[in-house]
Amino acid sequence: MTPITTPCDLNHRSLARFPVSKTIALSQRLLFRRAFRTPRLRLLFKDIEHLLRLAAVMLIALVAFVVLRAAVVPKSFGQYGHYRGDAIAELAARPVAHAGHEVCEGCHTDVVDQKKLGRHAGLHCEVCHGPQARHADDPASVKPLLPDTTVICARCHEANSAKPHSFPQVASADHSGGLSCNTCHQPHRPKIEDRGKPATGAKK
Amino acid sequence: MHIPVEGFMYPNEVELQWSVLIVLYPFITGLVAGAFILASLERVFRVQAVKPTYRLALLTALSFLLVAPLPLQLHLGHPERSLEMYLTPHRSSAMAMFGFVYLWYLMAVLLLEIWLDYRRDIVLKSQTAKGLPRLIYRILTLGSDVLSDRSLRIDERLGYFITLIGIPSAFLLHGYVGFIFGSVKANPWWSSPLMPIVFIFSAMVSGIAAVMLLYMLSSRLRGKQIDIRCLDKIAQYLMYTFIIDFSLEMLDLLQRIYEADESFRSLDFMVHTRLWTSQVIVQILLGTVTPIALLGLTQLFSLTESIRKRIYAVAGCLTVIGIFAMRWNVVIGGQLFSKSFLGYTSYKMGFATREGLLTAIILMILPFIILWILVKILPPWTDEESISASEAIPVHAAS
Amino acid sequence: MDITRRRLLVLLPAAAVAWEFVRAGTPESAPNYKTSEHWWGMLIDITECIGCGSCVRACAQENDVPDGYYRTWIERYHVTDYAIERPQVESPNGGKEGFPMNEDSSGKNFFVPKLCNHCADSPCTQVCPVGATFVSPDGVVLVDKNYCLGCRYCVQACPYGCRFINPKTNTADKCSLCYHRITKGLTTACAEVCPTGARQLADLKNPKDPIHEYLRTHSVQILKPHMATGAKVFYNGMDGSVR
């Protein structure tokens, strides 16, 4: 058998009679020809060219999305869970408006002494006096307004059937006839019988 | 704006959260899903009769899908942050996951299918058109103008495959919207496992009816003869789908009435008073029972072609109105009653406000404008005289 | 040394010094607050509530709550006879100015303060599409107003009606359990001003917290237990008619 050196040789050979040489012929054809120069494959790529271009467009879009995501998503996101970790610190950093009764009592010890003997002992200062954090921060320049007792006392003590029966409540029209409550009651020590008993701090 | 409250509502419940724009949203996505299902009837299930509406249905779906995000954007408190839904989606949130379902459906299904189906026409037009249209077509070809037989066959096979995936994708698209409502355990009017299914079927009904109406209207406008066989087939599918949809809704209603849980008394009262017109009259009687009866007439009796066309037109219009009423009753109805079951509020719809009636009307007109533009760029019909369910339209190769 | 709420009470003379940390406004300056050491909740005693509205007012002032919206509110119940499923309820302006006298004083009448329940299995955080609302590591459900889209899904998902959209920020808003206070060793504004002590902050991870002890020894309820939200606001003396 003469060796196969060129494809031309194949044409003159009856390949069916020599299956071994047929295989060799085919493999030699593949070895000696590069894939891209085969008309069949090249045509295939041409036929799906539009799909390849589409795939390229989608790939570019995907990459752009990934880049955008890395750039835009806040760095602290996912720190503790699916949320911006910095949000916790931001929320905790909000300034307070109510000072809290411990702070009031730190300075107003005279009122503390008066209150602790009466029925309002457990009542915190800012229930009636409103939020006073700014005053506590700068007592000299921020002066709190005194609450109007006609309005403020009624909120707790105006009679209402939904209030617990044991809670002291009056129908103010019958009780005081429209007079302001501090005409008779000292708010820090409200029981009238206690009025005049020794307690430090003058009524403001 | 003072909103009158009847009975007791939790103080933060008095003002409605989701407005008419959120009613529009499921309505629009429903039309998309329904139109696509109709298109898939031809492509996948080889229902030859509806072929004339194939391309029109796809373009209709696209027009509405492009408008769908707009009511959402207008409703958001911070629309400029809406990209966060794609950047940091919360996987437990149906709304976040829906963003991806929408994107998938738009990019991988609808746009791809339209592109593959129209590619031959696009390439041809890119070579013959002039001026700006030529530029548009050239961009749409993605720079490739191969039109060999094999490439077209590949497009055909790929398009078939995409439609095959597209059917469950369309179900997912609108079923997800149903799930967004159905998964809210706090709201007994919404919370139901049936909700996604009801939404899917009512979406199919509205989409089929919309394409049917658009086909009749566009044929009339173009002065072309309507293919009555196509119309008959569409109407038949509309009727069957409607019967399923109606059965599901009635099943939900009957179950509610029978079980009568703690929410029932409150909801029942609401339907009898505040939702009477929109639910019983418009949605059920005019929007469901009447169209089914009319379509049933055409199936049971042999009527003349002109009478059938009129019936289809009337039934189609009533259907679309009825499905819109259904969305209204779900979204608005779900917010009219208190979660304490002790009271009711009212919906004060503005007119020329960001979420008002005028905005809703404009948003409903917009898809038709987009459709008109799409029809101009990608005509769904050939220039031949009569459109019949045979050779005039490019045949989808048999497998 | 940890400066917890308890220790602060004891260190009264040093309150003024501690105030420095409070006013500094940053958690790093209020030393040693570790989120892992706390699991916050609240106790509300219906038998003590007098419906004065102080909590609603204090909360509005502490947290800049706009008019017409409520981070906390009070409901007044009127239950006649055995009609436990049909109470009459009202909440005029959330109870901010208290309640007018009711004519019909027969049957049961009582007040129920309400707020965010800071659910451990919160349905509102489940539905947020972007992660703008979340349960903090110390058990407080918070809203990141710089990330919220204002889609209102969380408002729909809350079974208790405690959320709203703040018209100033166009984002979701609700009770934050005064997070800016409790992380500094203070109590919530509503608990601070409650005249009868009907509202008490509870640290469920601190075995020495007296409220924790109370919860272990009294019959308490949560709102809408069938919703399985893991609510952490506990009610003592709550009638079955409460919605």
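When the chains are written out, they are named A, B and C in that same order, and each has its own residue count from 1.
Here is the rule we go by: a residue touches a chain if its C-beta (ideal position, glycine included) is under 8 Å from a C-beta of that chain, and two chains touch if they have at least 3 such contacts.
Since this is a predicted model, take the numbers as computed values, not measurements.
**Q** Select the chain whose centre, defined as the mean of its C-alpha atoms, is least distant from the mean of all protein C-alpha atoms.
**A** That would be chain A.
**Q** Centre-to-centre on C-alpha atoms, which chain is most distant from chain B?
**A** Centroid comparison gives C as the farthest chain from chain B.
**Q** Measuring from the mean C-alpha position of chain A to the mean C-alpha position of chain B, what distance in angstrom results?
**A** 35
**Q** Between chain B and chain C, what is the gap in Å from one C-alpha centre to the other?
**A** Their C-alpha centroids are separated by 43 Å.
**Q** Can you give the whole-Å distance between the Cα centres of chain A and chain C?
**A** Chain centres of chain A and chain C, defined by C-alpha means, are spaced 17 Å apart.
**Q** By residue number and range, which residues of chain A touch two or more other chains?
**A** Counting only residues that touch two or more other chains, chain A contributes 77, 82.
**Q** By the touch rule stated above, which residues of chain B touch at least two different other chains?
**A** Answer for chain B, listing residues that touch two or more other chains: 88, 90.
**Q** Find every residue in chain C that makes contact with two or more other chains and list them.
**A** 131-132, 147
**Q** Residues of chain B touching chain C in their complex?
**A** 8-13, 15, 17-18, 72, 75-79, 81-82, 84-85, 88-90, 92-96, 99, 180, 183-187, 262, 335, 338-342
**Q** Give every residue of chain C touching chain A within the complex, in rising order.
**A** It is residues 8-9, 12-13, 15-16, 18-19, 22-23, 25-27, 33, 35, 47-54, 58, 61-62, 76-78, 97-99, 101-102, 105, 109-111, 131-137, 142, 144, 146-147, 176, 179-181, 183-184, 186-187, 189, 192-197 of chain C that touch chain A.
**Q** Mind pulling up the chain C residues that touch chain B in the complex?
**A** Touching chain B from chain C are residues 69-70, 73, 75, 85, 87-91, 93-94, 114, 123, 126-132, 147-153, 155-165, 169-171, 227, 243.
**Q** Once bound in the complex, which stretches of chain A touch chain B?
**A** Answer in residue numbers: 43-44, 46-51, 53-54, 57-58, 65, 68-69, 72-73, 77, 82.
**Q** Given the complex with chain A, which residues does chain B contribute to the contact?
**A** Within the complex, chain B contacts chain A at residues 83, 86-88, 90-91, 107, 112, 115, 119, 141-144, 146, 148, 150-151, 154, 158.
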